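My structure is below; once you've seen it, I'll send some questions.
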Amino acid sequence: MNNPFIVLPVIFQLFVAVILMFSWNSKNLQKLISVIGSLIALLISLLLLIQVRQEGIQSMQAGGWMAPFGITFVADTFSALLVLLTAISGLAVSVFSVGSIRNARVKFGYFPILHLLIMGLSGAFLTGDIFNLYVWFEIIIISSFVLLTIGGEKAQIEGAIKYVTMNLLASVIFLTAIAILYGLTGSLNMADLSLQIAQVENRGLVNVTAILFLIGFGIKSAVFPLYFWLPASYHTPPPAISAIFGGLLTKVGVYALLRVFSLIFVPDDFLASVIAILAMLTMLTGGVGALIQNNIRKVFSYLIICHIGFMLAGLGIYSTIAIAGAIFYLVHDIIVKTNLFMVSGLIFKFKGTYSMRLLGGFYKDKPLLSLLMAVPLFSLVGIPPLSGFWGKLMLIKGAIATSNILIIAFIILGSFLTLFIIARMWAAVFWKDGAALPKKKQIKYFEELKPLKRKAMISSIAFLSLISLAIGFGAEWIMQMAIHIAENLMDPSAYIQAVLGI
Amino acid sequence: MLIAVISGFVFALLVPWIMAQSKSKTTIWTALLPLAIFTFFLLHLPEIQNDGSVKVSYSWVPSIGINLDFYLDGLSMLFVLLISGIGSLVFVYTSTYLKGHPFLDRFYAYLSMFMASMLGLVLSDNIYTLFIFWELTSISSFFLIGFNNDNQASRRSALTALSVTGIGGLFLLAAMVGLGHTAQVNQISEMSSLSEIIQADNLYGWIIVFLFLAAFTKSAQFPFHFWLPGAMKAPTPVSTYLHSATMVKAGIYLLARFSPVLGGHEWWNGTLITVGAITMVYAAIHALFRLDLKGILAYSTISALGILVFLIGLGTSAAFLAAAVFILVHALYKATLFLVTGIIDHETGTRDISQLGGLNKVMLPVGVAALLAAISNAGIPPSFGFVGKDLIYDATLGMGDLAWILTTLAVITNIALLFAGFLAGIKPFFGKLPERFAKLHLPGPAMYIPPLILGVLCMFFGLLPFLLESSLIQPVVSSFTETLPDIHLKLWHGFNLILLLSAVTIGAGTALYFIIKPSEKLLAMVSRFERISPESIAMLASGGFTRFSSGWTKFFQNGYLRYYLITILSFLSLLLAYRLFTGVTLYLDTSSMTAVTFYEVVVLVIMAVAILFTVFSKSRLVAVASMGVVGYSFCLIFLFYSAPDLAMTQFSIDTLTVILFVLVLYNLPKYLKLSETRDRIRDGLLSLFFGALISLLTIEVMNESVDKETSQYYAENAYVLGKGKNVVNVILVDFRGFDTMVEITVLAIAAIGVFGLLKLHLRSTEKE
Amino acid sequence: MIKTRFLSNLLLSFIWLAVTGSFSFVNFVFGFVLSFFLMWLISKDRRENKYFYRGPKLIAFVFFFLYELIKANLQVAYDVITPSFYMKPGIIKIPLTAKSDLEITLLGNLISLTPGTLSLDVSDDRKVLYVHAMYVHDRDEFIADIKNGFERKLLEILR
Amino acid sequence: MSIYDYLYYIILPVLAVSTLLIFIRFIIGPSLSDRVVSLDLLLTTGIGIITIYSIHTNQPAFLDIAMIMALIAFLGTVAFSYYLEKREKNE
Amino acid sequence: MEILLVIIIGLLYAAGIYMMLRRSLVKLIIGLILLGNGANLLIFLLGKIVKGKPPIIEETEKMLGELYADPVPQALILTAIVISFGLQAFAIILIKRAYKVVKTDDLDEMNATDEDL
Amino acid sequence: MNEYVIIGLSSLGALFILLAAVGVVRMPDLYLRISVTTKAATLGIGLLLIAAGVYFNEFGIYSRVMAIILFMLLTAPVGAHMIGRASYFTGVKLWRGSKLDDLKGKYHPKSHELASEHETKENENQ
Amino acid sequence: MKTLIFKTASAYLLPLLLLFSVFILLRGHYLPGGGFVGGLMAAIAFVIHSFANGIERTKNIVKFHPGFLMPVGLLLALLAGALPLLFGETFMTGLWMKQAVPVIGSVGTALFFDTGVYLVVIGVTLTIIFTISEGL
């Protein structure tokens, strides 16, 4: 099977980025290209998912070199689904950027880099080669690093330094792990590695290598105690950038963890308990962190950590149901976190602050908008049947099946903290009377924007809210996929077959 | 049935729109929906008699067995009728109570949503949909309690209510999942036959713990009761609907519903009796000292809920019967009292019981309703309350050894409750009318007719209890228990112990009413104990948790990058070391290694010294230069070991890096503030430990030599298939060309980044 | 003029390579010398001839330079190896006859390449070259050495 | 003694010793210029080592590295000079 | 020889980390570079090292002979080096920008984003 | 025959490099170090390269060897000049045994313009 | 830096290095070298020139914005990768001309790909160095 179509989501983004670079001097053209490009990318990803669902796992051997000799790209349901979600988030952020990103940034390559970031994410989801995964990670790091820093003042730069240092440390650890894998097996193809690593007699070394992967990807997924870069940086860049970060960056780490710890390494008891403990502490850390924040973007940042704990718990429990839960949660979280950072951006556009203490009065002034923003907020909480609920349900199912009451307790704690925090935020930002804040000169307020820009911002939020609702109410659809994905992760023979033909 | 449930949600969405469209200010028409639902279910009443039930199922998320299974039996029928019946009255009442309120549309939306959720909850046969509707009741009540959202107290109590019920909801989820796991089915109606299997499962204990937490929080059982008095900040229709008649009874419903599945076990019954008893007594006594009408009602409601839990805990069919009747009794009189309180509040502007009196003179119909309710509450014949109280005593007396203790507790509770009922239903209307209230008028009929209807019903069912006997109560009880008791509801049982107890209750309660005069002083006296009340403890705990959160967060996220790195690296080192020293046999195989040569050693020595020099040099530029030396030594190493391409690239890149550094560094000040020696030693040890681990690991991996199939393939095919003789280059542009493609993209991004970083200067600090 | 000559010379040597079909360095040198000789034979104009006698001069200069290089190297070597220093270093200003960029640069570089001397800088008006030298026993003698040696010979070739 | 042995046992060690000596100057300094000069000289010596190594291993391909070094090596020197001058001007 | 290289690898990792734990942004970046070098050398070493046999096919041959250096690690390192270069370049320029904006090279003074809530 | 040429050339080359190395350690000031090293090393490398050319004895190799030597001849003196000049600005001192310094005071302290004869007024003031 | 010697030398070094960089690029498939190192060499040629003559003069020589080379190079690499799709092959399959071209050897998509790399590297390096030098 050699289906070149599966790299199209990646290549197409590169193509769009190149075209954008060529239109360097025309801001409006760039915006147009970006939105149209993102739309087409969404279509492509949708077609890919449909194809994978209908015809099974697709693979492409780049350059026609049969695996494991070339670089293999593999689209199973997991990858295709994540690529689709990336495209959805990408489209939303692109549209949101049209409304919210300053022209000065557009002049300095905002859009090309945004598309290259999305390309990197899609590439990471699709690749079947461990070193190629490293390369995709690097493109993600550099593009996010650039997006985070450019045009930045103090806070942004400080955040970026922390962000990039820890992520580069993660890369080095990852690279070290790849070196060891190569030393042990002589292979880089993940499917091939799956077979080769099973034959390594020195299991101790395999376990040590697994630790390196755990930490490397753990840093990227912002797991306790490796998460520090996230709260230090996510609240600093323009909201459109926070949105794509919040939605996708950590998720790629989670994806990598799930993939590597099912395909290449199967966690032994020690590792599984380490993962489970980390998951619980991650929930706790994210939850309590969010609890004491006042800046809404910081609240969301910590909640990302908290919810990464949920996904990690799925891996720690390591059963089909639990992993399906983690995957469902992943799907939900990508959409909702992207949306929430856009929501925070919109709030800022109205009031000129992210501080909950100062904000207020939305519910009275903007009832429809409040309703719109309530969708991602309460989806995040997981008020059933909104999207956040289903993954959690599956996780608890998985934990019950293994009688892991402690994990349940932490999931309950994490969920409760999320509920409390969001409800409190609702009370503070929407219910509380908003004293009219003094208008700051350096902020362009929502009312001052052109109608097209306003519509762009609101429609992107509406778009993702609709998707969230669809995930919640149409849970069956995602659930089938999540279970299918989890089954395929637990038994990767189909994946290996699709790549190596054995 | 689905339509009945869904319609509420749809209605919630439509209400604001319809109201925006219609010009008329009356909103009484909204009551048509609950009324229609009430009628719909009333028509189903015959179907559930004689053990009958109605079952419908709609597929939703079949892959995990979550479907919209609905099940209508006696128990659900009782609740459904309460929900839609009282709902209708509340809708009507609201149309006047909140007339002209700017957000009335939203209020109706939440109210319908809440009603629909309640309906869904009591009709669900699927454990998961049960949970879903349960959560929806919490969330819609959050919006209802916080409806007056510019009031800080109102926001706070909404938050408290949501927190308590929300965490309960999560426990319910855990309970349901556990139940589904042990029973292997998701339909409650199919679980009662699996009761033994479930109770034998290891998870049984956890399941009931979770379930209790859910039920006790929702139904305001001690020690989770404190959210309920706070929730009285909500507009009165909300208090009436949620906090007396319906939502708080969801916990009772839950316990009742699962009694046949989980009940009968000593853990189950023991806990329920204990918690129920504590709650009913504790709350009843608390009700004695309140001044706020709503506060009195809130505590008496908690007490009533305690009675219900207590009864379910008793687990006998007599107790179930008592519970079934008491649910109805309580709903009727308590809703009446709440609605009345709302009218008083609405008209007089106060709910302070010490300031109220003689209102009969200005609003007689309201007073009548209140009186009827108070009588029923007191259990004075011929009210329906009398029937209920009789059944309670009947149930407690049937408990064998414990009968006396339990009965005493019930009597004490009932005395206090009677007092509270009088306080709320009689005190405001009799006695002297304060002058400032002299000019008050009867509110609109939409407000006083609903309580009147309910008040009358309190009497009506008392006089004609048999109307309910087989139509409703018997089906209810039959859904609790297989062994159907012979049920005869009647007012008069003849002279017996129960009658005596009733008389004692009424007498003592009435006496109390005349002795205790609620006052600030009394309230203050009681308040002294609040420091040890569950609420204070919860607040203390939550304060503690916040402090813990703050400490935990600031400890880890302290702002110093190097501590972050230290944490990460220590964690990594520990895990690595553990796995390396426990799982790997360390040895060194030198057989396949290459010989040591002088010139290589020289290069390595230079490299090592240059590394150290880089680390310890006091000037940036010198560090950069010696980093250059490191790079150039690398270049030689690559050369010695047959990697000319690498050597070239390393060399060019190192030179460029040095140039970049040099271009950047010229305007930086000198290194300042060297860290303390202690820090440096700590960092040095950590670094060396980590470095040593990596070295060890490398040696061990080197021992495991493998044939590299991929390399062999490249060696054979680079020229034949790839048409190139420099195999490394063929790999880069062909075999692994994709890496290179990404690699140059990385470079391009870096360049754009550098360009923007130095050239983009945002005007002022304009923010996005 | 010279450039064209040189290029045609080069071209001819490549043609020679192609004709003989043997791509070796020796063959190339042979081809170059051969075509140089042939071009000299067929040249008519005196001005064109400059190219031809400049060639031998260039070779002579190279040998002169190598001689200087080795001589100076030995001198420096002796100083480096023996324990005490015999040197008398200093920075000397040398007035320039060389005018064009190329002339000055070449001169400066050649001086630098010789052990013991180092061209530090050229004045902005291009009148003098500052040279650091190891053995400055007499300033005027040193200046004369440079001017009569490197500079004169160099200019002869370039002009 | 073959030519390979000669290169290997005599020439390469001599070059290695030279490298060490130059590196000592790098460490001593004292000025940045001294370090730059010795860095440049290290590279030059490196070119020598590469040349001999290419003979020793019979790999002319290694000479290409020498070529690139020869071309780029002085860039570092130029950059440091640039730095020194700039810093001087700025002060 | 390998043992010496292993020691150098350990030294590079240790030095890189030690540098990263200093307070200066410049040192941090130098540390990252050293760390990257360490990883590269690790890849190189674990691919098995061979002296004097570059993976270049002889002019007269069609494939590599018996003994040759493993080309795969070389290709991987090349990619890694180049990518690190991109990141390094940006990071180095960031020093400049950071100094301009934050007026310091001291990382301890760059903790505002974590402090205010 | 070739062998002896190679041995001769490489020995001489190595010797020159060693000389430069000793020089760079021993010479008392920076300018002297530059003086000693650039040339000796260039000569040494040139000889080694020619040795390599003789060894491989191929046109391609010879041309490459020539190219490398040419590059070195072009860059080495320029580099030496640059660093020597810059060091002078930054005040790297001449060895105390130095005889004379014609360059003293000729540089304009701000613009780094270099005068040939007359010192600028600012310099006089220093 | 105003030094006559450096300035003059740089004028000769520039073409020399550029020529050399193309050489390195073209032979990369056979011997050490390739697009990356070749591109670096070319960029370094301009960097040296800019050190000697100032950014503005070098920019005049380059004639177009170096940043422009990046998308051009990327596009070239992309097209070299995508071209096989037209021939029914998968992405990045090497296509080769039947006959070898003198000097260069076999010409195929790999060469175009490498040329793309070459251009990107020049563009990137120059953009970085020029940007930072302008800020000095």
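Labels A, B, C, D, E, F and G are assigned to the chains in the order they are written; within every chain, residues are numbered from 1.
Definition applied: contacts are C-beta pairs under 8 Å (C-beta built on N, C-alpha and C of every residue); 3 or more make two chains touch, one makes a residue touch a chain.
Note that this is a predicted model, so its numbers are computed, not measured.
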Neighbouring chains shared between subunit A and subunit E, ordered by label: B, G
Path length in steps (a step moves to a chain that is touched) from subunit A to subunit G: 1
Chain whose Cα centroid lies at the greatest distance from that of subunit A: C
Chain pair with the higher count of C-beta pairs in contact (E-G, D-F): D-F
Approximate Å spacing (C-alpha centroids) for the pair subunit B, subunit C: 90
Rounded Å distance, subunit B centre to subunit G centre (Cα mean): 62
Length of the line joining the C-alpha centres of subunit A and subunit F, rounded to whole Å: 57
Subunit B and subunit E, separation of their C-alpha mean positions in angstrom: 49
For subunit C, residues contacting two or more additional chains: 108-109, 119, 121-122, 124
Where subunit F touches two or more other chains at once, by residue number: 22, 34, 42, 58, 60-61, 67, 71, 74-78, 81-82, 85, 112-113
Set of subunit E residues in contact with two or more other chains: 20, 28, 38, 42, 46-47, 51-54, 56, 72, 76, 78-79, 82-83, 86-87, 89-90, 93-94, 96-97, 107, 110-114
In contact (per the touch rule at the top): chain pairs: A-B, A-E, A-G, B-D, B-E, B-G, C-F, C-G, D-E, D-F, D-G, E-G, F-G
Residue ranges of subunit B in contact with subunit G within the complex: 644-645, 647-649, 652-653, 655-656, 659-660, 663-664, 666, 721-726, 728-730, 732-734, 737-738, 740-741, 744-745, 747-748, 750-752, 754-755, 758-759
Subunit F residues touching subunit D - in the complex, by the definition given at the top: 3, 6-7, 10-11, 13-15, 17-18, 20-22, 24-25, 30, 33-34, 37, 41-42, 44-45, 48-49, 51-52, 55-56, 58, 60-61, 64-65, 67-68, 71-72, 75-76, 78-79, 82-83, 85-87, 89-90, 92, 110, 112
Touching residues on subunit E, where the partner in the complex is subunit D: 51-54, 56
Residue ranges of subunit A touching subunit G (in the complex, touch as defined): 2, 4, 7, 11, 14-15, 17-18, 21-22, 24, 60-64
For the subunit G and subunit A complex, residues of the former touching the latter: 67, 70-71, 74-75, 78, 81-82, 84-85, 89-94
